[in-house]
Structure formats: C-alpha cells, structure tokens
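Heads up, the next two complexes both have chain A, just with different partners, chain B and then chain C.
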Partner chain A sequence: MGVFYGRIEKLDTGFMAEYFPLYVEAAKLTFRLGMTGILFSLVIGVVCSLAGYYHVPVLRQIAVVYVELSRNTPLLVQLFFLYFGLPKIGVMLSSEGCAVIGLSFLGGSYMAEALRSGLEAVEKGQMESALAIGLNRFQVMRYVIFPQALATSVPPLCANVIFLIKETSVFSVVALADLMYVAKDLIGLYYQTDEALLMLVISYLVLLLPISVAAGLIERRLRYAGFGD
Partner chain B sequence: MEGQEKLLEIHHLHKDYGNGAVLKDVSLDIHKGEVLVLIGPSGCGKSTFLRCMNGLEQIQSGEIRLDGEVITDPKTKWSEVRQKIGMVFQSYELFPHMTVINNILLGPLKVQKKEKKEAEKEAEQLLERVGLLDKKDAYPRQLSGGQKQRVAIVRALIMKPEILLFDEVTAALDPEMVREVLDVMLELAKEGSTMVIVTHEMQFARAVADRIVFLDGGEVVEMAAPEQFFTQPETERAKRFLDTLSFE
Partner chain C sequence: MQDLGIRVLFMGNNFIRLLGGLWITVKISLISVGLSIVFGLLLGMIMTLKNPIVKCLTKIYLEFIRIMPQLVLLFLVYFGATKSFGLQLSGEVSAVIVFTMWGTAEMGDLVRGALISIPKHQYESGAALGLESRQIYRYIIVPQTLRRLLPLAINLATRMVKTTSLIVLIGVVEVLKVAQQIIEANRYTVPDSALWIYGCVFFLYFIVCWPVSRLAVRMEKKWEN
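Presenting the complex of A and B:
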C-alpha cells in the first residue's frame, strides 16, 4: 500500500492536464464508432434472428454460417483481414470503415443470438392467437412477438453493448486514434506509463459506467414494473 | 336446420401431417345461429378440424366456404377472413405485455382501424358483460384462469365475428372456474351466436349444443341432436365413447 500511495503522489498532474484533451477526442471517436457499430449490429441481429425465426430459406443458412464465423474469430483478426487483407484483392477501406464494419460484423452475431433466445422464449400460441384476431404477419411480429422477445433479450443486449464498446480497444491496429491508441502513444513517447494508463482506465469508466447504470435501470423496469408483476 | 342460411360449409376436408391422415373426408355445414359441439376421444382430430376453419392449419384437399365464398384458396386473405371467424384457445393466449383493455383493443385498432374512443367504449361494455370491467387495466398475469379466458372471449367478440370457435376453452381451468366461462358461452348461445365448440364437458355440450358432431379417427362418425346422441347413440363407436365417460 505504501508503494501505491507513493506512486499516486508522484503522478504528474501537469502531464495529465496537458494531454487530457487527447483523451477527450479519443473518447469521442471511440463512442462514435462504437455506437455506429452497435447500431449496425442491432440491424444485423434483427435480420438474422428473424431469418431464423421465420425459417427463411437461404437467408437462414447464411445467418447460421455468419454467426459461427463471427463469434469464433477475434475482432483483432477480423480487423486485420479488413485492413490488410482486403486491399490485396483491391478493396480499400478507410480506417473508420474497417472499424465500423469489423465491430458490426462481430456485434451482429451477438445481437442475433440475444434476440433469437428472446424470440424462442415467446409462447408458440401467441403467434396463433394474434393471427386469429386478424393481424397480418408483420403486425403479429410488431405488436405481439417482438415486444415480448425484446423484454427477454434486454439483459443480454445490454451486456453486448458494453462488450462491444470495450472491444473498440483494438481499433488502434487499424491506425485509429482511439483511447487505447492515445495511451500507447503517450507511453511510447514520454514513458509516463502510470498517468497514461490511469487516464485510459478512467476514460473507459466514464464511457461505460453510465451505459451500465442505464442498462441496469431498464432491466429492473422490465422485470418489476412490466407485465403486472 | 333445413332452410336456414349456411354460414360455414366444409366439403371433403382432408388433413395430413405427413404421417397419416388426421382428418379424412370431413364434410359439415354450419348454419347461422347454430351451436355445434365437436366431441370425440383425444387425438381424434377435433382441435385440428377447428383450426382448419380459420386457416391455422393448412389442408391438403377439400374446401371451406364462408358465406358462400371459398376461403381455402391460396389467394385467401386470412387476415380478413379471421375477423369473421373468432377463436378462443385452451391456454387463453392473452398477450402478457399488454393490459386487459389493450389486449382487447389490439384487433379493433390495428386490424379494423377503429377510432380509439369508440372501440374503448365497446370493450368496456363487453368487459362489463363478463363481469371484468374492474380488471381492464390489469395485466393478464394478475388474473385467474377463468378471468383470463373471459377476457380472451371478449377479445374475440369485439371483432364482431360471424362465427366463434372454442378450442377446449375450459380444459386448462381449475374446476371451480369452469362454470364462469361456460356461463358466458351459454349466454352467447342464447343470443343466437354461431359457435363451434370443442369440449370434454359433456353436460355442457348437452346443454348448449344444437347439434353434436362425434369425431373419431379423423372421421365424422355420428351427427345428431344432443338428446338423441347422449341417450341413443347410433354407432358402436359413439356408444363406447360415452360408456368410458360414465361410471355406471
């Protein structure tokens, strides 16, 4: 403990103040790319889970292969493939393009699985009773099946959001000045390891804690207030 | 029943799940205002038969007509037909994420595009009739089985269907709640609603039916007025079935 206190005293606050704006910029970038990726992940997740739910031929098989491919390869490898591999066959993507595509490719499968479990948890009779009052298939999904599936899927979906934002820490490999990149850069340049890492941890916490708290609130609302429990 | 308007006509219905026929050449006419009760041993195809009537099951051959129009055509717009053929299920199947009133209003608002105020008034009147107006803002989970089933009946009724299908609607209920649901159905019958009821409640069947249809092995084995069916069944199979239900 003594050592720890000693080091805190020796923290170079001047250095931290000076490079604070870099972290703010990086956090903004991380947040922006993270959120964009998450949005696309949700879209991919909805499409894949519905393809499975409705047994859509071809699309369903594609979804299965995609989910396995995406969940069983690390984001780092996916990014390498996009950034260094694709140019070899003539496809050039910007760093941000790679980051968003990579994150969406990874997140889509996680979102799909979270939604699939929710959809499967909805009683089969719900579909029939909704059809029986004359709703068309789209309305059945929109008003009856999906809201129930979503309620079940909220905890895993929220966990995925947090997971995906954390995964953005590998974006630096495609030359993006995200939080991780800034910290590594500062360490490399000035050897101020403690300060750089401390600010990195704080930055992620500042980004993720509010999301985590919000997710907890949504879950509690769904669990306790929803459906008359 | 002669001379009365035919509401639902079923001709040579054949249904197969791929491992043997479930319904074999079933033909039946249901007249306006008639209460038809389908009985028969488990697995005889009576629920399947009912579900074919509103397209929840696909049929392999045969034809069903509603008001003279064929509804077993591939081009059938089921969402329109189903507004005319209401259905109540054994396991209620209320929508758990909606309050009672919203369960009832979903059809009128989204399918029939009715005005909310008007639909709400109708829903409240119907809830009043089944004695559940005070539960209109409750969630299904807060209701007893009998209450849920009465809400499910209201949800079907509010569409003003021409015919109502009841699929073993008391089978999942505790015995003391069966009566409250059957009473609602008896009242509907008295008002002249056209109903097709699948049930195991023989006394109720006898009280409510205009005609009993006895199904066994996917075939209509016997069709008769309730008094005649229960006292003098014509076929051996019907006799055997009724014997298994009595303790004499």
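Presenting the complex of A and C:
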C-alpha cells in the first residue's frame, strides 16, 4: 500500500487542474455520441424484434442476418470498415457519423435481443385473451404485450446502455477527441502518466456510476411489475 | 476498378498473414479464457461466502472491473504499470493480465449466480437418499451448475475474443495491424484495397465467433427446464 500512498502524494495537482477542461469536453462528446447511438440502437432494436414477433416475411430474415453479423464482430473492426473501407467506394462519412453509425449497428442487435427475450416471455394466452375481448392488434401490443415485455426486458436493456457507453472508448480510432484520445495525448506529450490515467478513470466513473446505480433502482422497481411470481 | 481491391487479398502470402494475425488474437483470448475459468471458479465460490469483508472486497473488485471500459484497463496496465512500478510489460502480457482480470470478474459472477440458483432442497434430498457429501456434489450439484454455467461461459468467451480486438491500440501486431500493413504496402498499386481487407477482417471475426455463439444458443435450448 505504501507505494500507492507515495504516488498519491506525488500527483501533480496543478497539471490536473490545467487539463481538467479537456476531459470535460471529451466526456461531453462521449456522452452525446453515446446517447445518440443508444437512441438509434433502440429504434433498430424495436424494428428487428417486432419483425421477428409478427413474422414479417422479408424483414425478419434481414433482421436475423443483421443480428448475427453485428453480435459476432467487434465495434473496432466495424469502425475501421466504415471509416477507412467505405470511402474507397465513394461513401465518405464524418468521424462523428461513423461513430454513431457504428455504435447503432452494434447496439441495435443487442437491443433487439433484449426486447425479443421480453416479448417471448409474455405468454401466448395473453395475446389470445386480449384479441378475444375485442382489442385490435395495435391495442393488444400497446396495453397488454408491451408493458409485460418491458418488465422482462429492462434489466438487459440497462446492461446494454452501460455496455454501449463503455464501447464508445474506441472512438479515438476514427479521429474523435474522446476521453481515451485526451489521456493518450497527455501521456505522449507530457509523460504525466499517473495524472492522465487517474483523471481518465475518474471521468468514466462519473459517466457510468450514476447510470449503473439508476439501472439498479429501475430494475428493483420493475421487479414488482412481474406477472405471476 | 472494383475487381482490383480483392486481388490484394490473394497476392503473395497476404491472406496467410491475416490468418496469422487472427491467431495472435485468438491465442491471447484462449489463454485469458483458460485463466479466467480457473480464477473465476475460485472467485465465484469465494463470493458465496457470508463474510461481510470478503463480500465487500469482491463487490468493489467486480463493480470496478465491470464499469471501466476494457480499453481503460488496458491503458492502466500497459502505460500505468510501466510508469508507476517500472514493469516493462509487453502488449501481449498486458492484454493477458487485463483480460484475465476482467474475465475472472465476469466468470466469478456467473459461477456465483449458478451456485446460488441451486435450491437448498437439492442438497437435502440428496442427503435424505443417503448420498455422501462428495456424491451429492458429483451427481447432483455439479451437473446442474454446469448446465446453467456452460452456455453463459461460452458467451463470455466470444465476448472476450471480440474485446481482444482492442489490443491493436496498445501496439500488439494482430489481425487489424496486419491488415493496415497490407493496405499501406499496396497503397499506390491498389488504392481501394482498404474496403476489401477490412471487410475480410470483419468476416474473419464473424467466422471465429459465430459458430461458438450458435453452440451456446443450442446448449441453452437443449438444457432449458
């Protein structure tokens, strides 16, 4: 432990204060792109899971292929393809565009799986009973199936949100000044490794701890909404 | 022009080199998965203990490892350990350390979940039938735990293979780096090779991960109660 105390005393607080704004800017960028990506992921996830649930002919097969492709490849490779590969056939994307498209491509399949498991957990009888009392297909989904499915889907959805924000840490490869980029830059320029890394860890804690705690609270609340157990 | 790009893939030994790069990735993840299973089983058993101090320590370890992006952990070990403790770790060794630490945390949580999901009456019924404690574990507890654990552990393994792609960012020459080298070497003769080479890397990862995750899905379906 002595080693750690020694290093904490030696930390250059002036340096940390000077470069603190850089981290704030980078954290904002990470948060903004992460949230945009998560929003699009949710949209893709809803479309894919509903296509599977209602057995929509062509869309369902496309969704299956997409989910397998996206879940079995790393975001880093997807970004390299988008950022360095696609311009060769004339598709030029900005750094931010690549980042958001990449994150949505990855996240969409995870969201789809989470929603699918929720929809499948709702018993068939629920749908039949709802139809029997004269609700139309939209009402069945809106008032009967969806609320029950959501209760099952929320824990994996929350886990996906945290997972996707963590995945934003590779955005520096498409030339975005995110937290990793700032940290690596400071290490390279000033060799203040301890300070740069400490601020990096703190930044991610500040970003992710509240989300993690909130996810835990939401999960606990929704557990009472379960039917039958 | 379109048919030029893919030619690069089969020029010289380019494709073999890409496969060699992929092997580095797979090798590092296999070593980490192996170590994670061993340490994860231990951690999982430790986490079922009732001791509050042990509980608190394992919880902090688990939460910290889980909340930090793996790339941050790689930076901490690769750059941090060198500066702070004067340890000159190579990229590969740092990667194995980080992925083992991460895998152990995830695996430990899975093992803990599987262990506490076995109801107490399973132990008691076994004892009532006159089985010894060793027999109860051998014939009742371990088979049930394994059924719950195996699909999840296999999923974790594919996640680790995918996450291992990050090691290119701490300077390990793996499949993405080899791809970059091939593209740079052919920049003037075949300017549009990037599309094909990165596309190829994309499918190489897919070919490695897809069968394994199908296996996990099949096991899960087969063992559903």
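Just so we're on the same page, the second predicted complex is superposed on the first by the 223 of 229 C-alpha atoms of A that agree within 3 Å, B and C clash if a C-alpha of one lies under 4 Å from a C-alpha of the other, contacts with A are read in each partner's own complex, and residues count from 1 in each chain.
Keep in mind that, in the parts below, a contact is a pair of C-beta atoms (placed from the backbone, for glycine too) under 8 Å apart; a residue touches a chain by one contact, two chains touch by 3 or more.
Because the structure is predicted, anything quoted here is derived from the model rather than measured.
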Put the two structures on top of each other at chain A: do chain B and chain C fit, or clash? fit
Which partner does A:97 reach: the first (chain B), the second (chain C), both, or neither? neither
Could you tell me if A:205 is touching chain B, chain C, both of them or neither one (first, second, both, neither)? second
Quick check on the superposed pair: does A:73 touch chain B, chain C, both, or neither? Answer first, second, both or neither. second
Looking at chain A, does chain C or chain B touch more of its residues? C
Touch test for A:86: chain B only (first), chain C only (second), both, or neither? second
Tell me which partner A:147 touches in the superposition: chain B (first), chain C (second), both or neither. first
Now for A:216: first (chain B), second (chain C), both, or neither, which partner does it touch? neither
Superposed model, angle subtended at chain A by chain C and chain B (C-alpha, nearest 10 degrees): 100
Looking at the superposed set of three chains, what is the minimum CA distance between chain B and chain C in Å? 21
Which chain A residues come up in both lists, the one for chain B and the one for chain C? none
Spell out the part of chain A that touches chain B in their complex, as residue ranges. 123, 125-126, 128-136, 139, 143-144, 147-148, 151, 226-229
What does chain B use to touch chain A in their complex? 54, 56, 78-80, 82-83, 86-87, 89, 91, 93-97, 99, 106-107, 110-112, 138-142, 152, 155-156, 159
Interface residues, chain C side, partner chain A - complex: 2, 5, 63, 67-72, 75-76, 79-80, 82-85, 158, 162-163, 165-166, 168-169, 176, 179, 183, 191-199, 201-202, 205-206, 209-210, 213
Residues of chain A touching chain C in the complex: 3, 7, 68-69, 71-74, 76-78, 80-81, 84-89, 162, 166-170, 172-173, 180, 183-184, 187, 191, 193-194, 197, 200-201, 204-205, 208-209, 212
